[in-house]
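Presented sequentially are two complexes of chain A, the first with chain B as partner and the second with chain C.
Then we have the complex of A and B:
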């Protein structure tokens, strides 16, 4: 695919870093693989909105990104829900072309979750991964310091920081990489802080094949 | 004050415009930073706070209780001889309005980073240039960058220009909110040695100092007013030579050559051109490349410095073309064109030219909306129709609201 959009839905403030880590690391990996790539946060969603749905974006292309200044992904091929209950309530599938992938952080199976997805006929696959369990998710108690780091809306964190994806972003990145092949595992794995959760997720994610699109 | 060792050499790092501005302030080794949060400028003050906290930058970091205080403190700090860095966005720029004239009037080379934000209404986070443009006649040097690298470079050059004893004027170094401030690109950070060579420590000729008492900004009599105002006007006018010299020297030291006044992109053989400032020029360049592939004779003239206004240069450049489409990205309600404020100045600059192009004002990117490729195509079509007709359809088009 010459042009791919990835949209991550997350919870404002408390899970912003998780969403940001996903788009930053995938964008940085794509650039290492010689693609043109960009990661950014939804500029309007961004500030002061604890728990509210916020979006992080990534774009990859074989060609220079002429829509670099466009502030939203219009046609996401891949959508990630960083928190499972986000599956209900609004249309995160909006604009998805046929053949898409939806990745959800949940302990439920895809067979159970599919009933909540609006417009599932556009999906080639539904991927569920219990990211919170795999990442031993306890940051509220002892990782506040890391949450405080990298608060800026900046791409480039993957190049700067060794602490990218210390938490539930790691299994979610693994799920995206394994189910879509958007970047190579070898490229992205060195950036991931929580390697154990990343590796466990590669084996423990549930992929439900749906409607493939003829290439 | 000395900065504690920037040990790094020249390197390229991905960063957005806000962080590039903070980096520029660090490389400029500023003495006093005054801050008050407002998006999108906030990311700059956050980055600077981290640098100070990490010991990368030795500066007084003062968080004020409002933008008005922020600029008042900047004024005072600059009077004492410090190199000062401040910044704001949108309504924050407006709240500090009282201070702009006193700062330029007392000839204090305070530097202010502007990451544009649309004024209320609509109160969104997007970028319109109206916030800073509304202060354009207050005696501050002013210009827009179109990407993070240019923003970084402009900060260094602006200090050098503003602190030149022939100029001594404050500077607004502007960038579009989001389109530059939050879009990440590669930025080449120079070797600190290069910056040292380019930007020597700041020395104000008459700083406030109890050992050598001087008065700054006292109440004066009306008859003392005219010479004071003339001095300020002369400083602004005289800065043009300095601006050109500084850009030349910057190119020699850092290897990046900017035309201080306008960037011309694919203007060779162009008959219609866009005239604009800021980040949307990035998309304009892509649009122009595609249109050129189809044989359309379109180009771009991007204004880099709006204060002082390069009247003669704008005249010379724009009079080459048949139609000029001014992309405003600002509100000039009830102005000459009933559109934005760039149109009137472009027309005034062209007035003395024997060859008048047709000039159209395009209201695009309003409220901080992106200007997409197809809108550039639409505007080009409007310009070509005007060229064919030999007459404009109307002075101002609102892009997206017309067929």
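Then we have the complex of A and C:
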């Protein structure tokens, strides 16, 4: 895998940091492994609106990144949906080359979720992980309480700690790492704050193999 | 918001430099279908109000209160008539389990449902023609034995289904317990007569002075009719097994009331009357005794205080107002006197509630008391008289053995009312008998049409409780009281004690209804929606529509719905409502992509155009 794009779809403010943690930690560990990597925010989607869909991007390559200045992933190999309902809302599969991976945070099974995926023939696997439950099923309510304190900025809206992936990002990172092997588990695990959820997610993933691509 | 980097549709072309016109509401909703911001979708789902559930015949109470509120009295009357043949009767006599269940009772005071029902019933009585029509004749004949509440209800529903119904009544007048068990000052005879006229108008034949077992036999019923509903009720009074109960001046509750109701009473009461028993019939007997000329009426109960008496508290209160005395914790063991009652022998006793032994414990160690009276009325319940019934259908309680559909074995005979419900734990009241008659009529119809029988199912989770509603919208408001005759004057007359609601009162009382769990078109969701995504096509029930493509799922309407009809359902439970967008601000498919395409083609376009 010489060049890989990862796009995370998340919701403005309430799940903004989760999305950012995923791309930041994966690109940081890729750099530790000696790859060229880049992670960036999206400023097209107006991410400072509660619940609005926003994207976070990450690129890894064995060589120098040539498209460093492009602000959008045009051909994502891996797509992560931080909130399950997003599966109905956007064409997150746009530009995905065959053999892609879709990771969804949901308590439904991949068999149920596949009906909402536009163009599932491009997927090599569909991964569902109940990240909200594994991390803390009440996570949303805690965050909504904190949001009351400061909802004006996207950067650090509800962040009271600098920890990486203290909640639902941890199981999602585990899902990405286990299903794609994009970075090594040993490299990324020390960065994760919620190690328990990370480890539980490794065991409790639902991976639905779809259309394998001949190497 | 900047539109830089986003495709701008033609209709949003810039009229002059730098200014983008604001889109109209409709265009804006098309441009930004924010429905995919939503994880919870608001859905209107009507639930069962507790009053409807508690009612013995499941009247659509919330429905008719709502119609009364809007001044649609005739619609309300028609709605009530679906389940209840005689709202004017139950509007007077019902012990209103609906009002006990009313959610408003936990908030301030329950709605006076019975009074509104009476208002509607009286309205129906005044109509020249009833709103109910007989069904298309299906050529089948059904006999209904007994014309009390259960028989009346069964006959009414069967006539509406198109059966040719004959009611067999053993008394000279139809009406059963409605006539014979309820005094005139609660239910005037003319009201009942009018309801029976309505039943005859539906094509029901009523044969009076026909007694089953004497004038017609079991086999005769079987031969002459396709099916039969037995609604014979409990006709025989219980005795207290005291010595000398056969003396002159000893009366029994139900026959006492029945003879007065049928106009065949020859009883002359003395000045001092005692009533044995603490139930509703005993209360009616005590109050009737005052009206029949008694001066001092004492009610002797085995219960040690008024709270334990098995009666309706309001009736007890009205009785005490009229001047009836209560004597608690006594049991009558003998009637003393020389051929005629002169006094009662009372012992201290208490109600122990034992099931297998006698539930009453008499303390024989204490000295006996002598209580001087001229008459004693014994009202301690009734039992059935079923000598004509084949043995295999009788049960150990002395009533009819039926399955859960009210059917006797595999026969086409059904039974309904007190004769079935007695001893089943169900309180015996008119409305329960009406409901039983209704259900049995529908079951009978199914059997004759060869359809399988199914029990009624009420999913308990959809019975609305107060915690699921938004009380902010309901100010405290006292119950509208029905006027009553003053106790002093009503003691001596047969005039109705409780006065009807005026139209204004009925509307005022109906307006207090919470409409628990049911959309009553209050427009609140329409008003509170921060985006204009609730459409109201007409101002009547259930006609709101949520624009699913645009609703962001902010839950404001769900939280603010006063009745709790709106619910949040997880968006992923729906297969519908998929709106694909490329980014948050561009519609699918590929507006963003189209821009990219334009950029690619840029090189081939002439420089002037760029």
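Everything below uses one rule, namely that the second predicted complex is superposed on the first by the 187 of 215 C-alpha atoms of A that agree within 3 Å, B and C clash if a C-alpha of one lies under 4 Å from a C-alpha of the other, contacts with A are read in each partner's own complex, and residues count from 1 in each chain.
Heads up, the rule we're going with is that contacts are C-beta pairs under 8 Å (C-beta built on N, C-alpha and C of every residue); 3 or more make two chains touch, one makes a residue touch a chain.
Owing to the predicted nature of the structure, the values given are computational and were not obtained by experimental measurement.
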Please indicate which partner A:96 is in contact with in the superposed arrangement: first for chain B, second for chain C, both, or neither.
-> neither
Mind working out whether A:80 is in touch with chain B, chain C, both or neither, as first, second, both or neither?
-> neither
Report for A:8: first if it touches chain B alone, second if chain C alone, otherwise both or neither.
-> neither
Taking the superposition as given, does A:51 touch the first partner, chain B, the second, chain C, both, or neither?
-> second
Who does A:128 touch here: chain B (first), chain C (second), both, or neither?
-> neither
Check whether A:38 is in contact with chain B, with chain C, with both or with neither, and answer first, second, both or neither.
-> first
Of the residues on chain A, which ones does chain B touch that chain C also touches?
-> 44, 46
Inside the complex, what are the residues of chain C that reach chain A?
-> 1, 5-6, 35-39, 552-553, 570-572, 575, 577-585, 588-590, 593
Within the complex, which stretch of chain B touches chain A?
-> 13-16, 18-19, 39-40, 43, 46-47, 124-126, 178-179, 182-184, 279-280, 282-283, 286, 370-373
Partner chain B, residues of chain A touching it in the complex | 38-41, 43-44, 46-47, 66-71, 151-156, 159-160
Interfacial residue positions of chain A with respect to chain C in the complex | 11, 44-46, 49, 51-54, 83-91, 94, 106, 108, 112-113, 115-116, 118
